[in-house]
């Protein structure tokens, strides 16, 4: 089941750089784990902003919620979730 | 080059149904032509609305503009364009 | 899987009253069919407006989309969908 | 008498974790007390956000106000209240 | 139980003036009936706009909803409802 | 001359509680002085928020401005002022 | 007593040009009558829009309301009213 | 050349009062210098807010920009600039 | 003197195509006349919308207003005007 | 390929002035390097605000993103990006 998730990241100006780097590394590792699993199907950077547009493929709303609030950078994120579904015109069987 | 394009479609209540169907059929044909060409990479329906979220892969801003204003349902659409780029964490070489 | 769905209904001033009544009756019948099935779990009227707040319990995003766009009054509705999940503090096993 | 209450919770980044946990525990206890009493009829988590959608069943506006401003996490909440009433199409005698 | 109700009235430019006058007269009569009953406690005109700010004193949300949707000018109104309660500092026993 | 004044109060989380209480007491005393004088005609609490809706009856815009900026809690308030006037349908001679 | 009044004028595309001209002439005559009386103290055109920013000097809110709703172009206007008062730094005795 | 400038001033709660007073005095002195020069033609206080509506008469956009960013309270201001011009109906030769 | 002008064009669905074409041709001719004169310095199409971003170089606010309201497509436009000035870092003497 | 980029800069009140100056100098040097390269084609100051409107000419979305996030003042900026393309009416071959 597909969801568009838009994430804006805002780390405060005075935040400890070493801790910030540690969180970003953890975020990247977690992202790649989820990408390998097919759960975090797509991610794109939004030009000019510390933000991404992502497509998640999950079993349920609850699974998506648990994934998102568990992200290392979650406390710094503003998140918008939009429920999607397959478009009837699409020719990609896989474009769930 | 990637762009997120969000399209909301609003056909007026009294619009001729046969003409509406003709435009929807033309829209679908044009969409599939562009999907086959790899230009309209993804399309998803937004749950509960006559709207979609799409990802375009184009050569230039001008190509994207020409594609969008040439869509059969363009006169009924409200369109928002967001410039995207590859995310540095992505493991998909192809997730342009 | 739970979704909050907010529906605002706006029937144009000059719309044929008999046709409006026919659509409202069909809407009510369809609503009760879905309420009996447990899909449209809750509905409440918003005070002072021709609008409702509803809770749907569906198998998938796609099922919700198909239900909503098939409603007799859908062409007159503005719809907002919010994905929900069970709250960890809730004591109601059934408050899916 | 029914009200939809939407609560967004924002605890500042540097807030003492032990005190935060104490407040969350107190919030949960108070919630369950009100759920048992039938006052806080429903609560759902909003996917991806530290927020909930709730339905309260109270005797009066004043009772609702007193309940809300007395919540342990109230100082961290942004709250929106919407007055609801029973929907004429509903078949649930109890869906107050 | 008190509610602030804000009503904006917009009658279309080409609407039949005689019918508009008939509706305004009916609205005034209905208003005065409710004012006499103590239900529509206050009404004030908003300067420069065809709009009012009102205070209703009702038994329940449902009573307020029925009153509002039954107003002769209701189909032309945009309505915002805000639940109020007595302020603890007020010295007016009657300022419900 | 009547004005609707909407006041939202936001005292920062870490503000000294004793000073906050002193300001609230001073605010209440000043409010009651103005209510007795007939200047602050009405005040209602907005359900679920640290906010009020008030009706002022003043001699001039300047008097209202001086009253508002002199309130003990003014530095913590967001204020919206709406000019009102008597409604032609009202039967209350006194509902200025 | 001073008010800033912002007026946006929107005459529908198909409106009868002769009637529009008649209304504009009446509006201008009424404006100049009020300007001569010192009531409509200032008017400026907003660059690029069929809109103005005005300063009114009136005896009361009620007088302002009556003036505004009596303007020939009032049915085509969107109006925002802001209560002003003399600025303590101003050296113009007359800048009421 | 005329511009409407709306200025909202927000000095943080904990800001040093003596420094705040020094800045306000400097702001007043600068304002009166510009008022005497005919550049800051009008200023009015917005009722209930630490804000003003002003009319500037300048030689160029660049002059206006330099004046505004040089104001002593500029770092605390949110500013909105609207380009104005003489209204064709005005009878005041001087109402530039 | 420089201004950014953003123009959105919305021609109603049922508008006579021949008249629309006549207006577009007139708009283009007028645009090119102003571009040749150096007044309409830049124009760019906004991707995906019938809209443009333009830079005007004019003698005064009044000249800009007269130019804009005289455009053949003006009745179909929504216009936003922003006053600009030369940036102190720019190395282009001509980038007025 | 052209993009309009709007940048608002907000340096916190208490930020170290020497560090701020160092960042502004670095920003200016970087800007001029990009202006010389033809990448940052235009920049204008927005009157009354610490903000600019700029036109970039880049090879790709990715190049624009890298340029923007590498700006010395980027951590203090709010950025809006709008994809542009050549306007069909323009006579300037160079107005890319």
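General observations
Here the chain labels run A, B, C, D, E, F, G, H, I and J in written order, and each chain numbers its own residues starting at 1.
Basically, a contact is a pair of C-beta atoms (placed from the backbone, for glycine too) under 8 Å apart; a residue touches a chain by one contact, two chains touch by 3 or more.
These numbers come from a predicted model, not from an experiment.
Between the contact lists of subunit F and subunit G, the overlap consists of E, H.
Counting every residue number used by either copy at the subunit B-subunit J contact, over half are found in both chains.
Chain geometry summary: the mean Cα position of subunit G and that of subunit I are 28 Å apart. The centroid of the Cα atoms in subunit B and the matching centroid in subunit G are 45 Å apart. Mean C-alpha position of subunit G lies 40 Å from that of subunit J.
For subunit F, residues touching at least two other chains, in rising order: 2-3, 45, 47-48, 61, 64-65, 81, 83-86. Interfaces, counted as pairs of touching chains, are A-B, A-C, A-D, A-J, B-C, B-I, B-J, C-D, C-E, D-E, D-F, E-F, E-G, F-G, F-H, G-H, G-I, H-I, H-J, I-J.
Against subunit B, the residues of subunit A that register as touching in their complex are 2, 4, 27-28, 31-32, 35-36, 42-48, 52-53, 55, 82-92, 95. By the touch criterion stated above, subunit J contacts subunit H in their complex at residues 13, 45, 47-50.
Contact residues on subunit A toward subunit C in their complex (touch as defined above): 1-3, 60-62, 64-65, 81, 83-86. The touching residues of subunit H, counted against subunit J in their complex, run 3, 5, 12, 61, 64-65, 68-69, 75-76, 79-81.
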